[in-house]
Amino acid sequence: ADTIRIGTVAPKTGPLAGGALVSQWPNVDLWIQEVNERGGLKLKDGQKKIELVAYDDKTNPTEHIKAVQRLATQDKVDFIIAPYGTGFNIAAAPIYAKYDYPQIAVTSVTDQIGELTERYPSLFFTLGSTTAFVEGLRDVLVKLKDEGKINNKIAMVNVADAFGIELAEVARPTFEAAGFELVYDKSYPLGTPDLSPIVKGAKATDADSFVAWSYPPDTFGLTEQAVIEDLNVKVFYTAVATAFPAYGGKFGAQIENVLGAGGVNPDTPEMQAYRTKHEEVTGKAPDYWASANTYASLQILETAIEAVGEVNREAVTDYIKTHTFDTIMGPISFENQNSNRFWTVGQWQGGVFRGVVSSNIDGAVDVKLKDGWK
Amino acid sequence: MTAKGWKDLVLIGVLVLAAAFVPLVTDGYWLSIAVTAMMYIALTTAWTLFSGPTHYISLATGAFFGVGGYLVATGMSDHDLPFWLMAAIAPVVSVVLAALIGAATLRLSGIYFVIFTLGLAEMIRGLVSWVQNNFLGSRGLYVLTDFTEAHIYWMLLAIAATVYVIGWLIDRSRLGFAMKIIGNDEGVAKHLGIDTARAKVLLFMVTGFFSTLVGAIVAPRYSYIEPNQVFSPELSFMVVIMALLGGTQKLWGPIIGVIPFILIWETITASFPNATTLYLGLCFLAIVYFLPNGVVGLVQKIIAKGRSA
Amino acid sequence: MLTVKGLKAAYGMHQALAGVDLRIALGEIVVILGANGAGKSTLLRAVAGLCEGQVSGEIALDGLPLHTLPPEEIVEAGIAFVPEGRGIFGDLSVSENLQLGAYSRHARKNRIANLERVYDLFPKLKERGRQIARTMSGGEQQMVAIGRAMMADPKILMLDEPSLGLSPLLSKELFQNLSRISATGLGVLLVEQNAKLSLGISDRGYLIENGAITGEDRASALLHDPAVQAAYLGGATAS
Amino acid sequence: MDILISGLLLGGTYALVAMGLNLQYGVARIMNLANGETLVLGALAAFLAFTAISLSPLVTMLVVAPLSFAANWVAYRLLLRPLVKRAKSPGQLEVDSILATFGISFALVGLMVSIHGEYYTYSFLARPIEILGTTVAENRLVAALVAAGIGAALVGWLNFTRTGTAVRAVSVDRQAAQLVGINVARVSALAFALGGAVTATGGTLISTFITLDGSMGVIFTMKALIIVIMGGVGDLRGSIIAAIVLGLVETAVASLIDPGLTLVSAYVIFLGILLFRPQGLFGKRNA
Amino acid sequence: MSTGRSILTVDRLTKRFGGLVAVNDLSFEVREHEVMGLIGPNGSGKTTTMNLISGAFAPTSGTIHLEGRRLSGLGAHEVTRAGVSRTFQLVRVLPGLSLIDNVIAGAAFGHKRRWGGPAKEQAVRLLQRVGLGAQIGLPVSALTYIDQKRLELARALAGEPEVLLLDEWLAGLNPTELQEGIALISDLRREGRTIILVEHVMDAIRSLCDRCVVMNSGAKIAEGTPQAVLSDPEVIRAYLGDE
């Protein structure tokens, strides 16, 4: 064949679609367009353009499994881009493993990395573990506390769904061990229409830090409520979607110094080039976190395929395990199928969401205190 | 009627036997479709046990299914309990739950019952997540087992067959007859000496038991359980739609509703990856307008035509 | 004057009415007698525009053709119908039922007077104005139904077995009231099993069999017709 | 005080969600599972108009309402009326309308996702305002006020106008309504269309303070169903009161007990009400 | 004829609906093998009394006993099992079931239970008995009004009740059918059934009843043989109207 077929399954509808349409789909499109513009992937028997086979899993695991099976056994695609979301990556892992597809999971944060990579020899993680995620924030807080800039009280809330419960559960002992006191610690159900009681509750405490393990709709909601209630904390952290351009678009200058999950170093030439190209091709800016990771994961896949030079999935998997890759995020390599180069905490500074805590990536900026919501 | 009944049962027996060979001839895509279909067959048949004769459209499937998946997941990942133990406990929990709900909702009729059951899944999800968040704690609900798709398929097939046989037995029993009368006129049923409350609760419990069992068996397939997904209202609706599509007056209605549904669904998903949902919607509409009596109606019409020709 | 010409109605293959002709003048009471299943209800429903079957033929009220009109226009034109089973708003109160009876445009003008008339006829409805109609006894519901039809200020009032379930006293009263109503210039078309009482107040009667009119005469003549006595008055007076 | 005011505002939001469905289900007898999508469609319109040409959602609302009215009228006449005609029993209609509107809801989700798949989020009147010592968001206040306005207008219309009376009559008993000279088909279409207009209006307002996306309709459909049932099918006052009760209870639980229990408490209230009044607060037994 | 022992005892029965007293301190007895007529103006509480006996409603106060067993307070299904069957003022057949199944429904859960073969045989017998022998194969929806009433009666008989409640079973019949209906009920009486009959058809009351209880506004205003009560001036005033 003169093309190489690459498959992907991710949500276009359902609860996770909003996120996937920011972080996942545009990068897939961007990458394929770039590779094909270049003439395709360079293999031993010549350059091959990528033909994409994409399905919508509707954010439904049953659908997802079926669609991946379809890619593997019906469409018989040559490679598959990893799914969007922790649950989907884990649910699909047995299929990737069975047919030897390398699975470079991006939007997947779990504390079971060890067990999972042992079970599934072609599964790679790039975004770090739940614990690393929490510890990143802890480090920020500890630093500020030690500098005497904030008190040792935290108001913490979480969305009562898998991800939120998990993070809160890890955060409780982690924060306490670091000498913090959780003066407010509540959960709220997914899809809560009015978050004002929560913000009011947090405001009633004397905590200097507000931490929300939140999902996209409530990240927007909590921030808006905080503006309205004038929640006067020095550290304001919301999790998923804080790094979305739409977050900056909605709140403008009000969110200066808001902390959130993820981050990038936007100043490297590679990253600047990527962001420009992303806007040019997809018509919108990438987010300041998973977009870059997603794109980097595709670069890894691309490099490994070209290096192997043929559609030999096992060889590609082995290549990924043993090599270091040049990506827009800098060099990435895997140790026990897990990359330890990722950002955990970022902060809006001057209209850009910059990484403030990373694991092994340079370019972190200093954390600043939140100073009102003007 | 009895001879015909036995014929149905034998036919189903043959089908089950044939179905058992599916994983031997295919794995991969068609098997995963078969697993999905088998899951829905089990769920819709269980649904029909209760909702077919009573005409109560129950949207509680999601609640029971969720309890199954969720209990297995917490048991396994937070308390290191074995899968089989949890798969055995979960349905029992649901039976108790169904008895409570049944007792509480007896006075509700029609749409009030429908919406109540719809709310139920949400309520249980809310309660369960809250309890876990505040008292149990969880570092993620993983259901990592060595089951393959084929194992899950066979287990679901066994459940589906069991549900069918139970349904067949109930159909022939006085309980089944009582349910038919209740479906016709509940007030009359009482005056004929039927303890309508008991009959309804009993059947609701059976439905709950099997829906939960399916949830428990399917959990390893998802590997990672999110309450939001297992307690999904969409699942409840899907089951209703497939059952209605098949026709609820015959026990085998759901089976012949599910299979074409899944196939159409799959064809659309594969052919229109960018607008799957849109085309699925249009397809539902077409079905409603062109198949007014469900697939069973269509089949019966064809049979009738065949006979008269 | 209501005139019906060549009215046919069929439910699928089943011909329920096979070309019926009849007329009712204003101020006249006409009764239709017939066995069960003869097509009496079908006839009334067809006139009211509510028959589920396939209907053909001509119906006109004072020259205005009705068979082309939808049911609400037929009410507007001045036909009120009390069906078998009464058709009241079971979940509304008695007075709401009566108010809704006067929904059609022309009826709203005479609402107050008509309400007086109904309360005169059925004082109980006034007492029980706030009771939910469904909880009334069988006979009381019948009163609501008739009262509501009268609120529509009709030219022709059609009643399908109105005495069903009424006590002897109330049946008598009802029939007396019907003559009083018709005396105010209303045409009354009545379907009844109680042939004796209904012929007693009627001006004319039709006999219907298998969907066709088989006889028509003055009520007094029918009352003494031996064939009619055998079929419709037969045993009822004996025993 | 805090709780009372926040609760009332939330109740206003819920009323916006539920009033339309009550008209559609109570009167036209269509259990519209696409109700939530209608709402999200309103939100999408507000979002697009705001981000593209900075149009105030309050203006968009005035455009959306008649459009939605027209679209729902057409949908009723073309898609649902045939089902009503064909149905031999109320049960059959219920089944058919569940299937059909489920299909419509899928189609609408597909449509919306193809227009804009990401979150609909923007800032409009996201400013604090003090009422009686409580800080609330202006956008929520506006939504609640509009809800109150719509609710009052609808209740007045239903009770004091001829058409409104006809609508109520149809909701109680279609056959009886026909007997008194009401054009049931027209009134049903009217109620369905009006319900759609109210729902879409609600969507434009809600989008000012809740972040939505194309797939979120089902959440609103469910809330709306719960509220309609709690208040009693076919009685708008019931829905409004149920919405307020729900708003107050959720806010009280979130503030005084635990925000994690709001959802649970909402259903406990729902259950409790149904146990004592199986037909809902204002429901008629046979509806 | 009316010398049998008393089988059903209604004692000081009262039923209130909100402010309305539908049945007011009503007492009477029904003797074995008799047909007792329950008559009275519309809204006088006859159907309500039937509903109280059959367990559809619980009484506000007062008791009902069947052969010494207390019925008041039991659910409708328990009352039926104890031996009371009824028909409804507005017919309620089971449209989704065949004629035979409609009758079996009465046998399967009733006072004397039958199931399977015997129930079926009995159903056929009863259908013939009430005059539906020729219609056995038809769907219920094809039955005329009178035939539906017949079906309801067969269903009520299938459980072999001790006491049968007939609420305006004869209403809406034309004279010929009325004759058939009356004949059917007198057959039942001859068999030794105990029946409570609510009717507005005086011919039926006269020819069928051994005794009558007359109600007005929820209370008993007269009791005795049909001839006696129907000539009672109070009954004439409230119920019959002067001839």
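By letter and in written order, the chains are A, B, C, D and E; residue numbering begins at 1 in each of them.
Keep this in mind: a residue touches a chain if its C-beta (ideal position, glycine included) is under 8 Å from a C-beta of that chain, and two chains touch if they have at least 3 such contacts.
Bear in mind that the values here come from a model prediction, so they are computed numbers and not experimental data.
At the far end from subunit E, in terms of centres built from Cα atoms, lies A. When chain centres are set by their Cα atoms, the one at the greatest distance from subunit C is A. If you average the Cα atoms of subunit B and of subunit E, the two centres end up 43 Å apart. As a whole-number value, the distance joining the C-alpha centres of subunit A and subunit B reads 36 Å. With centres defined as mean CA coordinates, subunit C is found 75 Å away from subunit A. In subunit A, the positions touching at least two other chains are 12-13, 15, 59, 160, 187, 189. Of all residues in subunit B, those that touch two or more other chains are 126, 129-130, 133-134, 234, 274, 276-277. Chain pairs that touch, as defined above: A-B, A-D, B-D, B-E, C-D, C-E. The residues of subunit A lying in touch with subunit B in their complex are 12-13, 15, 53-56, 58-63, 65-67, 69-70, 72-74, 86-87, 90-91, 93-94, 110-112, 115-116, 119, 130, 158, 160-163, 165-166, 168-170, 187, 189-190.
The part of subunit D that touches subunit A in the complex is made up of residues 2-3, 6, 9-10, 13, 109-110, 113, 117-119, 121-123, 126-128, 135-137, 140, 209-216, 219, 250-251, 254-255, 258-260, 262-263. By the touch criterion given at the top, residues 55, 57, 104-105, 107-109, 111-112, 115-116, 118-120, 122-123, 125-127, 129-130, 133-134, 233-234, 237, 240-241, 244-245, 274-285, 287-289, 292 of subunit B touch subunit D in their complex. Taken in their complex, subunit D has these residues touching subunit C: 162, 165-166, 169, 172-173, 175-183, 284-287.
Those residues of subunit B lying in contact with subunit A across their complex are 27-33, 36, 39, 126, 129-130, 132-134, 137-142, 144, 148, 221-229, 232, 234, 266, 269-270, 273-274, 276-277.
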